[in-house]
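Paired with chain B in one complex and with chain C in the other, chain A is shared by the two complexes that follow.
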Partner chain A sequence: MAEDTARSRILPPYLLSAPALLLYLGLFMAPLVMTLMLSFNSFDFYKGILPGFGFGNYLEVVTDEYFHEVFLRTFGISLAVTLLCALLGTPEAYILHRMRNPWKSLFMLAILGPLLISVVVRTLGWALLIGDSGVLNEALLGAGLIDEPIHLIFTTTGVIIALVHVLIPFMVLSVWASLQKLDPAVEQAGLSLGASQFTVLRRIVVPQVMPGILSGCLIVFALTASAFATPAILGGRRIKVVATTAYDEYLNTLNWPLGAAIAVLLLIANVIIIATYNKVIEKKYAQAFQ
Partner chain B sequence: MSFLRLEGLVKRYGDFTAVDNVELSVEKGEFVSLLGPSGCGKTTTLQMIAGFEEPTQGRVVIDGKDMTAVKASQRGIGIVFQSYALFPHMPVAGNVSFGLEMRKVSKEERKRRVTETLELVHLQDFAHRFPRELSGGQRQRVALARALVIQPEVLLLDEPLSALDAKIREDMQIELRSIQQKVGTTTILVTHDQSEAMSMSDRVAVMNEGRLAQVGAPYDAYEYPEDLFVSNFLGKSNLLEGKVTARDGDGIKVRVGEVELEALDGNVALDEIVNVSVRPEKLHLTAPKDGKLKGQVETRIFLGNHWVYQVQSPIGQLLVTQQNTGQESAREGEEVGVSWSMDGIRVLAGESSDG
Partner chain C sequence: MTKNGPIALAFHTLFIIFILAPLVVVCLVAFTSKGYLSLPTDGFSLRWFRAILDNPDFIDAFWLSIYIGLASATIALGLSVPASLAVARYRFPGRGGLTAFFLSPLMVPHIVLGVSFLRFLTAIGWNGTFIGLVLCHVIIIMPYSLRLVLASVTGMDRSAETAAISLGASSWVTFRRITLPLILPGIAGGWVLAFITSFDELTMTIFVASPSTTTLPVRMFQHITETIDPLISSLSAVIIFITVIFMLLLDRLYGLDKILVGQGR
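Coming up: the complex of A and B.
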């Protein structure tokens, strides 16, 4: 009897989470493990993928300067996009927070807009906008403000602009969630003590929404580092990032094992960066936030 | 010339008038309470004094200077908020020191004044704690220290004690009052709690529906309410509708139901429909034959230091309170007499009793 009740208490949670767990195991864990296994195989131009176990692919990535450049560029872009999102997204979230309906809902929709549009369509839209004979350059040339087109497409700058556009909603939502918890009287308290509006923001609001900014940074960084479509379309052949490089190995060179090794290394690098970041942040803010 | 003056303050939100022509003069060092039910406009009035809300009409004058157009950060007003609104990411000392930093006070001076003010509120040992590590009462004191350290010309208290439990609230009332008297800051307290307002202030300003109903010393406002609302809002009252049947010399007679009551002259005319207000503690129970009225006890409640009775009488149900003198008191169902002295009765001009 006692055993029965014990079992009936343990079973339901497992049964309830089983569908999600199976989905996770089948669609995420299995491919991930297969990719990992694949990365230890080797490749020959004439014979294709050769089964076996070796670190050859990893050695190639770690020693080849070409891959160094790709990895550095990826993390450089990620860092720039993260900083820009934090700098633009935090004030954006604050302004949104202070707005009243119907403007609030309207602007919220505008901010979330990029997430509602297919990534390929949105990126092609940017290509039309910033291309050498795109809307922006045509307009500036027509107005006589520039003599020759500004090169944005197929440059790092172009990729960064488009990525900031699509990822800023994550930052805004994250900061906005923190702002909801802010006591509005705290800002009034700051003002009544003689602080200017700017000082109130800098000394009172920003420190309190720091957890939101930091978790927003984390999401944006992780998503940029693994972004594919935007760098592929706006970066072209010249601005290669890790994700597009892995794609090329798979589909152009057909060197699947090398592609797999690149993908695994990106995952590992991402996990290390995020884990370190979390640790540092937790240590720094353990006192003020709980 | 009074120190703080509200001159014809009006605040409208669309069609709704939150504050309607409020005139109030506060002397330097005085403690005045804005008292009223929620939605009576007291908080809006406070927000206009603080500079967080712009008046639709009227002026806020502090020490002879028109402050109406001055920014909140330039007014030099200390505010204790209902939620305390402490800066959660700063320790107690940082919270208190913030206003001094904004005033560019030197570091040593800052340290000295923070220590001094924390001593005033008995928190000198808590300077390095964070707000979340403090109890409600302690947070309250930090909020007070933070507002006082800048030596404000006016101190505004926005329902400062409403988040505390009853026992601490009473202690804090006494402490707040004594601190205010020590530093002598002109203080405005906003509250819906009449006992809080009466226990702490020099004068209470009772507000109702955006208007000031009555301004006066707590005793005067309680004993001589000018209208039904004040009579009902400050303490409890037995309100009886009647008609003035006679006026002569100092006294009048008011007929309530089948009974004629004698009262001191009020500001009423012969034959006017009036309201008679009698405080429960002005009535006392006697033996049935000794009272001015006969009645029957319906219910009684024991509250430690006093009893509360509901007595059914020819003029309606009456609320009577009696000191607990240690003797057995009238029981439920018992026949009693109800008596009072004439000066305990107030006659108010009769409007419809909406209060």
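Coming up: the complex of A and C.
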């Protein structure tokens, strides 16, 4: 375009993006590279961080039973949260999709709004609800439904419930976005040809929103795997996940190189999950995006 | 389109209760008149809201979070607008890579950013400083503001710009009088989203905050890990109230669903 060539003499694109680029190189890339380098250093309880290059920290994470447990637990929690979000979030997105305004926008606001409220506040809500003398137990005891309080706080189940609550809006949003592309005429055709509501859902709706469900799973899994506040508050000292373990190494044990190694592994796992998932979705649903 | 059946509506009701229950409980407990955690069964009391005012460290943390949010959201937008114009308007080598790079902090877990910023800021002696915290927040909120500004620059009708330039307006005047007003909803939406994201940030900030630069989420987290009392409930209720106002603002400005699509990636 003519004006672009005229303007490019005054404001070339490199100049326009230079400030942001410089900030990113200085404050984003440099710290990540420094953390990578730190993870190869070693640590001594008396002398602190020792320079040098070695894979000792990684070896410790790979061989130590404690870290196996932490990584496996994080993986299990992420898997459970992702499955629950998919199982609950997908039907909810479909129900929302079939609602009319003003109900649709009202409930959309109610479901998406909590995303903007601090995770600390949302987790506090769960601590108040599921604590041993929390609202849920008091109500159930008062109604005579249980004799003893259900112990949920500081358990894996409690952490999973709260994480589902924190992350399910992403799933609803993701499925809802792909439902927007759904042609209602195809559903109508299925119904008018005598298919039951269930068959229409299984054969027409679900296959078409699959990309939305999968990308929702990806977001939820990645965010659960690196979640910090919820497991830290509701998991207590016993239910350690990768993020809370890295935090302990940094701020309690002060073993920064080991913490850096855990962080690097978490980052690599995150990038691998996102990259493979993107590839699978692209390959499998390439025709859907054309 | 068929209507939702009774089973669907029952599921929906339970779902909404699940979503809202923790927030409602926080707000209810905040109004208790007792000295311990309980629902306000015998009348509402504001004593725990008054108690917030007696805790200056919460008030200080609140203002610090506000200042960091204001500063980092403004810097992020100041960087996002030119970067978006560059990426959306020009075809140049490295354009795709640059966009991906600008959005890439979304792929890095906040805990990883936290440990990295701690290492970096300690090395340059900026750990626990206001400017250090603000710049770290800018990295975290840039992808959100960039995406909204980019969407509004890409979706903008350029005929008014062409007209202004053909009538002899300089490129700066065209930008200020035509482009900027047209992309203002994107800028405003991006700023509000950036501010809220900064205001809520805990996981990264907890590494780089010092005792004198403790933000509100960090202060609340430290309090909760020690003790959970009605004070933290009333403080949370205030935060919920503030966030709801911002949320309605964002919804008006831009539509909440549009803003949040793909957030967290």
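Here, the second predicted complex is superposed on the first by the 255 of 290 C-alpha atoms of A that agree within 3 Å, B and C clash if a C-alpha of one lies under 4 Å from a C-alpha of the other, contacts with A are read in each partner's own complex, and residues count from 1 in each chain.
Throughout what follows, contacts are C-beta pairs under 8 Å (C-beta built on N, C-alpha and C of every residue); 3 or more make two chains touch, one makes a residue touch a chain.
Predicted model, so just to flag it, every value in this text is computed and none were measured.
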Which of chain B and chain C A:Leu141 touches, first, second, both or neither: neither
First, second, both or neither for A:Gln208, with chain B first and chain C second: first
Which of chain B and chain C A:Thr199 touches, first, second, both or neither: first
Contacts of A:Leu251 with chain B and chain C, given as first, second, both or neither: second
Broader residue contact with chain A after superposition on the shared chain, chain B or chain C: C
First (chain B), second (chain C), both or neither touched by A:Leu191: both
Touching partner for A:Ala110 - first (chain B), second (chain C), both, neither: second
Contacts on chain A seen with chain B and repeated with chain C across the two complexes: 191, 197
Chain A residues touching chain B - in the complex, by the definition given at the top: 183, 185-186, 188-197, 199, 203-204, 207-208, 287-290
Residue ranges of chain C touching chain A (in the complex, touch as defined): 1-5, 8-9, 11-12, 15-16, 18-23, 25-26, 29, 37, 39, 78-80, 82-83, 85-87, 89-90, 92, 95, 98, 101-102, 104-105, 107-113, 115-120, 123, 135-136, 138-139, 142, 146, 161-162, 165, 171, 196, 199-200, 202-203, 206-207, 217, 220-221, 224-225, 228, 232-233, 236, 239-240, 243-244, 246-247, 250-251, 256-257, 260-261, 263-265
List of chain A residues in touch with chain C within their complex: 3-4, 6-8, 10-14, 16-17, 19-21, 23-24, 27-28, 30-32, 34-35, 38, 88, 91-92, 95-96, 98-99, 107-129, 131, 133, 135, 162, 165, 168-170, 173-174, 176-177, 184, 187, 191, 197, 218-219, 222-223, 225-226, 228-229, 232-233, 242-243, 246-247, 250-251, 256, 259-260, 263-264, 266-267, 270-271, 274
Of all residues in chain B, those that touch chain A in their complex: 50-52, 71-79, 81-83, 85-89, 98-99, 102-103, 130, 132, 146-147, 150
